Amino acid sequence: MTLILNAVAAFLLLTLLIALIRIWRGPAPADRMLASQLFGTTGVALLLLLAHAQAMPALMDVALTLAVLSVLAIVAFVTRVVRIDRPSSGRKAGDQPETHHD
Amino acid sequence: MTPSLLYAFAGVALCSIGLFGFVRIRHLLRKLMAFNLIGSGVFLLMVGLAQRGGQPDPVPQALVLTGIVVAIAATALAVVLIRRYYHLSGQTTLAEPRAKRAKPPAPTANREGSPE
Amino acid sequence: MIEWALDGLLVLALLVTAVATLASRDLFRAVVMFIAFGLLMALVWVRLQAPDIALAEAAIGAGLTGVLLLDAARHLGYGRADPCEGQDSDDGQAGPSR
Amino acid sequence: MMRFLGVAIMVAICLAFAGGLALTVWQIAGTPAPVNLPHLLAENLDASGVDHPITAVLLNFRSYDTLLEIGVLVIAGIAGISMAKTTSLEDPDLRTSDSLLYALQRWFVPLMLVLAGYLLWAGSDRPGGAFQAGAVLAASGVMMRLGGIPMDFLRPGMLLRFGLALGFSVFLLVAVASALAGSAFLAYPEAFAKPLILIIEVVLTFSIAMVLLALFVSAPVNRTEEPEEGEAG
């Protein structure tokens, strides 16, 4: 059973390695940010798997914390980097960071 | 060779990668990230080396826990300093191009350019 | 055996993200890579049987550091690609309001 | 050419550094540890007042380190606040108008507060404790700040100073009191160990969250009249 759990964990890590490619290449900032959110969700899955594989129930708390706090990065992204709102601040339209390519 | 020792060697690699970046990179925010990489490498080295027998050792873990909180406070303070520096001088690298110093001191040189 | 593969993959991913953080000229990409590095560090602490540190790293690496660095990267203007770090021509052209 | 030479020298230095460090690690790994710390800790855990070994190390056996750590944090917080312009502490420009974000905040900020309380409570017999709870508490404050929920208590007024100083002063008070009571500096009397550790953990959580939040908030924000990058040539 532990063998299967560890194998699934290794597979999820492989997924993360592929997500790294998306972070590196993703043309728009939103692509990179979403790939890093994939790190958050897959990290939660990995933590839950490892909690069973290593017989450490405390890892559930870690998964909970990770799930709650990885939202913070995307909130920072939409409020500070992309700026989805700000109707009243009088910024010019050209101020919005457009998708920029490498 | 236990897995803990593998992580200790990963910590060694992280330290040297971070050291290279810390010296070579000029952009202050990226320099800060390199500095954080060095810190993570040191933490990995400490815990990995202490647990080489395989059983968890709470004492270095507690030390590293303290270290992580101090590291995030130091990072936050450095971000405040870097942003203030950018605000005052308008540049993201250190003023003297050839001087490889670590951190900008408080930017007293451009005090007259302080906004507001 | 499979545990060694897990550890090896984790170390590989850790080193790849570390190198990518430093090698990236685009500041925003470097910051996102660093967030990914923090999440991987939480997994490493789990593998090292240190759930306390994993908890702190999950709270700090995933949440606070990411927000701090994203905010700072926006402030410093991630849009301008950092020129080669050997050259020192990146002195910000966006001067403050004098 | 000169740049290539510089990079090559730097690579050589870093490789030498890595090699020396790896050699040291290898040699240390070959020798057995002189003292068996986990065993020693497990023997003395009953005297510490808490059941979780890491909390015992942090707040009883090595509480001197933790005292110094909260001192460093308070100094960093003071330095950060002194960098801040007072106007940036609350910024109506940051208030969000996006309804999705607003709903997310209304659900997540209480959730984070509950999580912080849970982590603090868990610290006595499970992984968790003041540092993690403080980080989560600071994160909930950062969440409020990101959506522009006004945080009047973070003006450089009484409450902020009180919150910054609380953890360090209570910790120091306990230390000095225990020194005056006859035993050594920071040696808790065994009967009071558990409630003292509990009090210290609560104030430490509050103080750590305050320091981190103050450091986050005190970074200068982009003002509207400030030239944005890319348009001032």
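Note that the chains take the letters A, B, C and D in the order they are written out, and that residue 1 is the start of every chain.
The working rule: contacts are C-beta pairs under 8 Å (C-beta built on N, C-alpha and C of every residue); 3 or more make two chains touch, one makes a residue touch a chain.
Note that the structure is predicted; figures quoted are calculated from it, not measured.
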| item | value |
| --- | --- |
| Pair joined by more contacting C-beta pairs (B-C or C-D) | B-C |
| Inter-centroid spacing, chain C versus chain B (mean Cα positions, whole Å) | 11 |
| Mean-CA-position distance for chain D and chain C (Å) | 19 |
| Mean-CA-position distance for chain D and chain B (Å) | 16 |
| Chain A and chain D: spacing of chain centres that average the CA atoms, whole Å | 23 |
| Chain B residues counted as touching two or more neighbouring chains | 13, 17, 20, 24, 56, 61-62, 65, 68-69, 72, 76, 79, 83, 87, 115 |
| Residue list for chain C, restricted to those that touch at least two other chains | 3, 47, 49, 51-52, 54-56, 59-60, 63-64, 67-68, 71-77, 79, 86, 92-97 |
| Two or more partner chains touched - positions in chain A | 58, 61-62, 65, 69, 72, 75-76, 80 |
| Interchain contacts (touch definition) - all pairs | A-C, A-D, B-C, B-D, C-D |
| Of all residues in chain D, those that touch chain A in their complex | 93-94, 96-98, 101, 104, 108, 111-112, 115, 118-119, 122, 126-128, 132, 136, 139, 142-143, 146-147, 224, 228, 231 |
| Touching residues on chain A, where the partner in the complex is chain D | 58, 61-62, 64-65, 68-69, 71-72, 75-76, 78-80, 84-91, 94-95 |
| Chain A contact footprint on chain C (complex, rising order) | 2-3, 5-6, 9-10, 12-13, 16-17, 20, 24, 26, 28-29, 32-33, 35-36, 39-40, 42-43, 46-47, 49, 51, 54-55, 58-59, 62-64, 66-67, 70-71, 73-74, 78-79, 81 |
| Partner chain B, residues of chain C touching it in the complex | 3-4, 7-8, 11, 14-15, 18-19, 21-22, 27, 30-31, 34, 37, 41, 44-45, 47-50, 52-53, 56-57, 60, 64-65, 68-69, 71-73, 75-77, 82, 85-86, 88, 90-98 |
| Residues on chain A engaged by chain C in the complex (per definition of touch) | 3, 6-7, 9-10, 13-14, 16-17, 19-20, 23-24, 29, 32-33, 35-36, 39-40, 43, 46-47, 50, 54, 56, 58-59, 61-62, 65-66, 69-70, 72-73, 75-77, 80-81, 97, 100, 102 |
